[in-house]
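Letters A, B, C and D mark the chains in the order given here, with residues in each chain numbered from 1 onward.
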Amino acid sequence: MTARDVIVQRAVKEVQDGMNINLGIGMPTLVADALPAGVDVLLQSENGMLGIGPYPVEGTEDADLINAGKETVTAVNGASYFDSATSFSMIRGGHIDLAILGGMEVSQHGDLANWMIPGKMVKGMGGAMDLVVGAKRVIVIMDHVNKHGESKVKKACTLPLTGRGVINRLITDLAVFDFTEQGMVLVELLDGHTLEDVTAKTEAEFINGLT
Amino acid sequence: MDKVTQSFEEIVKQIPDGASIAVGGFGLSGIPEKLILALVAQGTKDLTIYSNNCGVDDWGLGLLLKERQIKKMVASYVGENKTFEQQFLNGEIDVELTPQGTLAERLRAGGSGIPAFYTPTGVGTPIAEGKEVRQFDGEEYVLERGIVADFAFIKGWKADRYGNIVYRHTAQNFNPLCAMAGKVTIAEVEEIVELGALLPDEVHTPAVFVQHVLAGQQYEKRIEKRTVRSKGGEA
Amino acid sequence: MTARDVIVQRAVKEVQDGMNINLGIGMPTLVADALPAGVDVLLQSENGMLGIGPYPVEGTEDADLINAGKETVTAVNGASYFDSATSFSMIRGGHIDLAILGGMEVSQHGDLANWMIPGKMVKGMGGAMDLVVGAKRVIVIMDHVNKHGESKVKKACTLPLTGRGVINRLITDLAVFDFTEQGMVLVELLDGHTLEDVTAKTEAEFINGLT
Amino acid sequence: MDKVTQSFEEIVKQIPDGASIAVGGFGLSGIPEKLILALVAQGTKDLTIYSNNCGVDDWGLGLLLKERQIKKMVASYVGENKTFEQQFLNGEIDVELTPQGTLAERLRAGGSGIPAFYTPTGVGTPIAEGKEVRQFDGEEYVLERGIVADFAFIKGWKADRYGNIVYRHTAQNFNPLCAMAGKVTIAEVEEIVELGALLPDEVHTPAVFVQHVLAGQQYEKRIEKRTVRSKGGEA
């Protein structure tokens, strides 16, 4: 399995029947495709849709039906469309059960940075800042280290924040961490990785919560 | 109460240099493409634009950028546009990045007579810098201001001559909010229908928020990311 | 003509084609019935409707279609229904061209009191406080004096206010007044009343703007 | 995702004494009549109710009043109810009068994660007493707080099993806002339809705001003021 597969397969387990879920752009979108058939959830898109279905059959794409990643999608039976203010009423008001987002850096305090690299072109935060403060449960999925082998799981984020103390759970290709009152807690090792391995690749201080 | 006019060229003549315009759409979906083209043709300068995105290099608000008609852009995401990047790096355009939910709420608030509201979005981030942060019930919130624009450009699916609008699918997005935020709201639609053809329970934007209605012809409705699955297969 | 007729007939002249109008409960509602046929306006009801039509034909009353006075009504072609927050977005956001409300007291500063009499049962202000601050033009219609012959047009309101400095025009059974930067201005005498008559029955100080 | 249950008696068992409930309706139009009746039957006490009105003496929220189940009422107009008057004069009930637009906005704000907002409504009146008043662009505004209720009772016309709701005509009123403001929103409707029967563009309250759906039988839908014109005649 690739690192991406490890992360996505683990993230899928976070999904429970009955949830209203927002999946971020990029790797989180892959979670939708990996959901087991028959799982009973509604996927929300922050541009203004609840009940995203699969991509359209070729030839049926509709410019008036896209997700937050601007991809053409379809709607499930029982879907609804609404304006973007109502969409963020759902998000900011705590009506979305789960948001899964990508990350550039995560701190041991549950801070997330995923929208801006100083010196590079600013693209904008889109709906990420609203999602991290609003969703009932925020899960970040990302590679544990960057392409230079440096830990993306930090004592403190070096990049500008998307949200402060907002993450409930972090899933990387190496491990799963929870953010608690006591601090950041390692709760699971993934894909055969060892505690030593994870410790070596993690700048953040964490509590070993493995049983 | 007949708000229907015919000419896009004529209707944008009321928009002076330096005007602020709230523009509907998300990405290239549900954008008022004809009104933007008319404003490009008119060459109106020094615009302040409130819109979630800024189009792409050769379509939507990107066309106004290319002609250097935009002075200030208030948006949540401008990452699809190289012209924007260039002008930003050259200091030719002023940009105010606003989280998407905050932008949506600011437009609705301005259109609703609410001058300011508190939101949890952006606390502890660069977005909160220079803004009032205040506690309610032990949590911190940022004060954000409502937006009232001189004009709004919106794109609907159908309208009647009073200016009642229905949108189609996710092309709704920011359009109803821009309609509220504009002092003068101009709506372009794909079809103008008889009064009474829109059921009162289905109207998305009531007529009171709309001052002018125009029907556009041959909508291009570009797709930014065409994602499909093969027939009968998975994505 | 009764005092009520004088007021309503005069109020009707304030209505112009193309206006979106909110009429308060009571006497203002009578303005709707007195509108000339074919006048091209939309009447808004703050519970959530734009485009009120006439009362329903007997036997067609619908419990799901009422105005802000809780009366059964009909809808015109081109009407719309919406939630009460959107309704007050219209009102507070300055999208309603004209509001005509009743009054208990009006001050020379354009203050309105029309919702509460201390010592009597509090009924509530309903949407009146929103209407007076939000509508582009606020016209109050009321009897000039109360049943004891005392002026309801005061130097200062004695009753709790609905809004401070919010009235554009006052129409009574005696006269019409505008509220300007210079003060309260008499602009019209009604129903054969004289300046002396109006002056005698008005506690407020006003400028004579008659030409 | 099937939120449909059958028993009004069962569904209100989760509501404890002292709970706060946002209740939809305007006057007697669009009120959740079956849920109110079930709560009367259950005898739940010390309720805080957020609702525009308080019913009449023998219907709607008036029934809860009569049984002295309401401790505090937040409303904009309570003038149709003699029981209310009596309890208020006796100091048996606490009342917080809120302008109608402010109440609507407070419910929407609470449901939208907005803890507070500024409004021009009530400046210089008793409503502003004890509240922060602040200037924006030279005008004064009052700070008002969002409302989040433990529960919401709403009345829709049709629903599907996900909890998508459509309302009928002006029976919509405060219902969508209460749905947003409730931590647990219970919707009663006249008809439950198949998934897909409600067009996504026509849904008024999306499923995410609703936790339970029940179909009521034989709706009474009382009319408070029956105003009619004779056939062919004027009002």
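Rule of thumb we're sticking to: a contact is a pair of C-beta atoms (placed from the backbone, for glycine too) under 8 Å apart; a residue touches a chain by one contact, two chains touch by 3 or more.
These numbers were taken from a predicted model, which means no experiment stands behind them.
Chemist: Please tell me whether C-D or A-D has the greater number of C-beta pairs in contact.
Modeler: Here the pair linked by more C-beta pairs in contact is C-D.
Chemist: Measuring centre to centre with C-alpha atoms, which chain is farthest from subunit A?
Modeler: C
Chemist: On a C-alpha centroid basis, what's the spacing between subunit A and subunit B, in Å?
Modeler: That pair's centroid distance is 27 Å.
Chemist: Roughly how far is subunit B from subunit C, centre to centre by C-alpha average, rounded to an integer in Å?
Modeler: The computed centroid separation for subunit B versus subunit C comes out at 35 Å.
Chemist: Of all residues in subunit D, which are in touch with two or more distinct other chains?
Modeler: Residues 105, 108, 112-114, 119-120, 167-169, 172, 200-201, 204 of subunit D each touch two or more of the other chains.
Chemist: Give the residues of subunit C that touch two or more other chains, as numbers and ranges in rising order.
Modeler: Those would be 49, 75, 81-82, 85, 88, 91-92, 133-134.
Chemist: Please list, in label order, each pair of chains that touches.
Modeler: Touching chain pairs, listed by label, are A-B, A-D, B-C, B-D, C-D.
Chemist: Any idea which subunit A residues touch subunit B in the complex?
Modeler: 33, 45-49, 54-67, 69-73, 75, 81-85, 87-88, 91-92, 111, 116, 121-130, 133-134, 160-165
Chemist: Quick check on the complex: what are the subunit B residues that touch subunit A?
Modeler: On the subunit B side, the touching residues are 26-30, 52, 75-80, 85, 88-89, 95, 97, 99-102, 104-105, 107-108, 119-127, 157, 167-177, 204, 221-232, 234-235.
Chemist: What does subunit A use to touch subunit D in their complex?
Modeler: Interface residues on subunit A, with respect to subunit D: 17-18, 20, 40-42, 44, 49-51, 75, 77-82, 85-86, 88-96, 133-134.
Chemist: Across the complex, what residues on subunit D touch subunit A?
Modeler: Going by the criterion above, the answer is residues 1, 108, 110-114, 160-162, 164, 180, 195-196, 198, 200-201, 203, 206-209.
Chemist: Touching residues of subunit D toward subunit B in the complex: what are they?
Modeler: My answer: residues 105, 109, 112-120, 136-137, 139, 141, 145, 166-169, 172, 200-202, 204.
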